[in-house]
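Below are two complexes that have chain A in common, paired first with chain B and then with chain C.
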Partner chain A sequence: MTRIRPILTALLLGLTAVGHAETRATGDLGLVIERADGGLKMIETSGNTVLSSIEGLGDLSHASAVFSRDERFAYIFGRDGGLTKVDMLQGKIAKRIVQSGNSIGGAISQDGRLVAVSNYEPGGVRIFDADTLESVADLPADYGDGKLSKVVGLVDAPGNRFVYSLWDAGEIRIADMSDLANPKVRKFENIGKQPYDALITPDGRYYIAGLFGEDGLALLDLWQPDQGVRRILPDYGRNDEKMPVYKMPHLEGWAMAGDRAFVPAVGRNQVLIVNSNDWSEAGRLEVSGQPVFVMARPDGRQVWINFAFPNNDRIEVFDTLTLERITTLHPGKGVLHMEFEPRGEEVWVSVRDDDQLQIYDTATLKQVKTMPARKPSGIFLTHRAHKIGL
Partner chain B sequence: MTRIRPILTALLLGLTAVGHAETRATGDLGLVIERADGGLKMIETSGNTVLSSIEGLGDLSHASAVFSRDERFAYIFGRDGGLTKVDMLQGKIAKRIVQSGNSIGGAISQDGRLVAVSNYEPGGVRIFDADTLESVADLPADYGDGKLSKVVGLVDAPGNRFVYSLWDAGEIRIADMSDLANPKVRKFENIGKQPYDALITPDGRYYIAGLFGEDGLALLDLWQPDQGVRRILPDYGRNDEKMPVYKMPHLEGWAMAGDRAFVPAVGRNQVLIVNSNDWSEAGRLEVSGQPVFVMARPDGRQVWINFAFPNNDRIEVFDTLTLERITTLHPGKGVLHMEFEPRGEEVWVSVRDDDQLQIYDTATLKQVKTMPARKPSGIFLTHRAHKIGL
Partner chain C sequence: MLASALALSTFAIAQAEPNPERQQELRQLLLHDCGSCHGLTLKGGLGPPLLPTTLHDKPAEYLAATIRYGRPGTPMPPWGPFVSDAEAMWLAKLLKEGVQ
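Now for the complex of A and B:
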């Protein structure tokens, strides 16, 4: 057998090398950010299990993820400027760069070839080749007399465009990357003070920035950019009651249900209801804390709301037809994020202080499973690959 | 080496058995029906290539496909009653049954566990375990004095429900499969004569059946089923001009763009525009043939329209904002189907009589690639797995 062993070893090594990547489909995969440890849990939503852990992603506070169009690779944007490409079939980091000192979010282009990162410090948007993570373009957030602005609210839009807002400059910009050698940046100035986050509607048509320094919100119709940015919900402002803001809400989570959008109010125990036909206010939901994420079940019939400290131990679920509260769930301390499965039958919840992932059936509103995770925060499922603006 | 060979052979066989399934992601895969040969082409949309051919699926005229929630398996519904489960990682048929003599379409439940098939002859809906294809339930389409109706317009809806229409009975039915041992079927009678196909809106709320035997369309609000079925577009009828109908349009292709739905008219060279806020008619597009599929680009900015014989050599593209025709494409004879890539940057077109698949860039409206396929008809991409009603 002595002569056989090296051959066997070689074959087995070959098998390992070839077979290291899992043979499995990727449509039901997801990643959970484990912020305290700089790690990820890879999950799957068909059997509701944790598949593996991935380590070494740096500072993952406020981290987010986007996915390659084949749903194999994830791009994780870390707070330390780290951009990490994860191979979900191999369950490991494929490539990692640190692209700046302080990043806040990212996006992937419509064609899947470009990954964009928005930065606080130095302010700007950097664009990378999705395959190699090599730098492709640098879009500085310069304004006024050579100043640099923090960039927030970066999203992808149809036509291989990225749209983002400049906190310090009060601007919205559209970067058209359809000709890579010649990116075209269009600027919209004086959109309002301190845009703090933004969303794009699921069809990619309307870009809406929340304003921290003024009343109302700034809306840009990307189908008709020549009309410029206009103010909507002028009667809504965070300043009139001078409430302390415990945590800035996330606008990416704005929920669309039919022709109604549900928007977390800043610093108030309210969710704004907006008529998306004319962007007028259509009412408010009174909730029991400052809302952080307001997420619509994919069919739009329910919105799920989590809250800033000290009310971050609960989730309120509202019926979008009756506008009544259906239930209040108490998953535990530190409910940070919720992610619906693609067709909405279940929702995953991260409960940071209890080191838990929890899954709820959205029809019965009952918890169906709990799994351990280390200080989980953001949950991202691969079907986002197929969505505009996610 | 004589003693080594059997070991090597065993190992290599093992490797083949293990390694036969492709290690690749499934988010960018798709299948094209090759109707004349009872086969499929497996395609991928990142590099725009044909990966393989799969044979032996029986009569695939009027065939359609749905996908498992992990995007690994496809379920193909053939006209001969065949239900074939295809493993896209292995590139082969995983299981095949012939479940009736004449089927017309199918759907997969929200939780991915059930596959439903609607049948012409004998009329009814049969429900199978998505894993094993074993029969789970039989929902006869009985009406009146023990008669059986053809079933059309079968779709999935949130809450593990299936919704379908009875051509002969003039009924819409909702089958709630959330308790498998006790399916609940709710009947809505007298909805209009000869419902011929139906659609469900992308949020899963409204089920709308086209009527062949009467004016208007039948609408059921699945959020408020107690309100019953009501007639919409009462001024639209196919009968008033007695035009011959060359091919029944497909309603599954109804396009939603913002609060406008674009609907192929039966027997007329028109596309109806419907206001989805109140389901009133909001106008018509004049087109150059009887429309078959009216498909919205995923961002809703364009609708692409193909036509019945003798105008099945062209595609008309309209701008949904200006309602103007942007272009008329001439792919060739027998343009049967169009499928947009998930975020809409490209669209695949099957051109039957030229044995071609063609891909168009939806921004430039130019053809970017052509590939051979044998009499291609339906094109189905895996991202449908994540959609309600597809």
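Now for the complex of A and C:
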């Protein structure tokens, strides 16, 4: 106590010194990516307001964010390889490095000490100290005779591991970072053609990669990795002709509702329903475009679905009990992302072409607020800090 | 006779520039919808970079055909339902010159 008090006092003094008249917590904060301008909007979900803008983050197309365990800092992964650490309390960039030519996503380790970034060019995963952003390890995505693969679907897993997929090589890899000086990488080959994204179930047990080059998904049981990778939903599109895909679906927000999981089908106007007890197909939802994000409200009772070009002007909402469509919303052109507030009573929606953030009440399905934002894309709320895989 | 009339008319279409309003739409499409695979600054992502330096030795006709018909077996989808031949040609030239 005697040691802690001076530090606390110093902290409080420090905060007042930079102009924070009152102390503030970060549990209701979030960030919105403004992709065209390389900026962020700091948002707050108690009063639903925009608090500030942060500039200077480079190319933010396809950018995503994870949070430190104290929800004080966000790590933003930009397309240009930039890794930016943002101070949520001060509303400014704490540190920024450009770690590679072309990155696609990132994750934070179970213990919160490591930030991993997956790269397209040169392919591989780079690992940084979450505090200093100094490089800690490099995991090249080499395969065959020295070829390099793009890396996708990077997530954190229990045991201070990172799991990721190799687009070109058709592999899943597990990197065990429990001994920092000596990372151990385990490879699973021939998991299927062109894994494009992946997710980990909320309990951290199953890692599932979606395949672009063939039907089905590749499933790895992280409790029993020796059993290897198996294919699920192997022929969900066997007899129909695939349509061209104008935007790759995302699996990160994969919806689990009870023992059903809802996954976007690739190249089809369908959402696949999977029984999460045995991973067999349990049905499909017919929807009006190719799904991009299929997100469950935190209580699992609704799934919200947005779509690829040219149907990216709408959101369909389904009841997970009856599997009926409850409504189709028309927020505007370029609906890119949806993020539920932690307990799901409201959802934030980014509408790129209309330069708007919109908030909907998930009970009444009515829009409750709109706010301006410049070409908004991803929305990330701090409660992600405490979720495996987010 | 018919063939040359046809050839003439495709030539005429290929030459017609999209009007300014449509050009603006096509630029939006390029940055945002193509950008989701090729990067917002077209420096590459899942798809290759689309920069003057990487495209200079590829004929505009070839790039325009890629845009219109896609590349089967790869994620590059056909944009034919959304852009005409002339518009694909305009996009291909824009890419070769550099978008900024």
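Heads up, the rule we're going with is that the second predicted complex is superposed on the first by the 363 of 390 C-alpha atoms of A that agree within 3 Å, B and C clash if a C-alpha of one lies under 4 Å from a C-alpha of the other, contacts with A are read in each partner's own complex, and residues count from 1 in each chain.
Convention: contacts are C-beta pairs under 8 Å (C-beta built on N, C-alpha and C of every residue); 3 or more make two chains touch, one makes a residue touch a chain.
Since we're looking at a predicted model, the values are computed, not measured.
Contact comparison for chain A: of chain B and chain C, B touches the greater number of residues. By the touch criterion stated above, A:Gln110 is placed in contact with chain B alone, chain C being left untouched.
Using the contact criterion defined above for the overlaid structures, shared-chain residue A:Gly300 touches chain B, although it does not reach chain C. Contacts of A:Arg205 after superposition on the shared chain: chain B is touched, whereas chain C is not.
Applying the stated contact rule after C-alpha superposition, one finds that A:Asp70 touches chain B and leaves chain C untouched. By the document's definition of touching, of the two partners only chain B reaches A:Glu22; chain C does not. Touch criterion met: A:Asp59 reaches chain C, while chain B stays clear of it.
Of the two partner chains, chain B is the only one that A:Thr382 touches; chain C does not reach it. In the superposition on chain A, the residues of chain A contacted by chain B and by chain C do not overlap at all. Those residues of chain B whose C-beta lies close enough to touch chain A in the complex are 3-4, 7-8, 11, 15, 18-19, 21-28, 44-46, 67-72, 88-89, 110-112, 158-160, 178, 203-205, 223-224, 257-259, 277, 298-301, 321, 342-345, 363, 382-383, 385-388. Residue ranges on chain C touching chain A, taken from their complex, read 28, 31-33, 35-37, 39-41, 43-46, 70, 75, 77-78, 82.
Chain A meets chain C in the complex at residues 35-36, 59-62, 79-80, 101-102, 104, 120-121, 150, 167, 194, 196, 212, 244-248, 309-310, 334, 352-353, 375.
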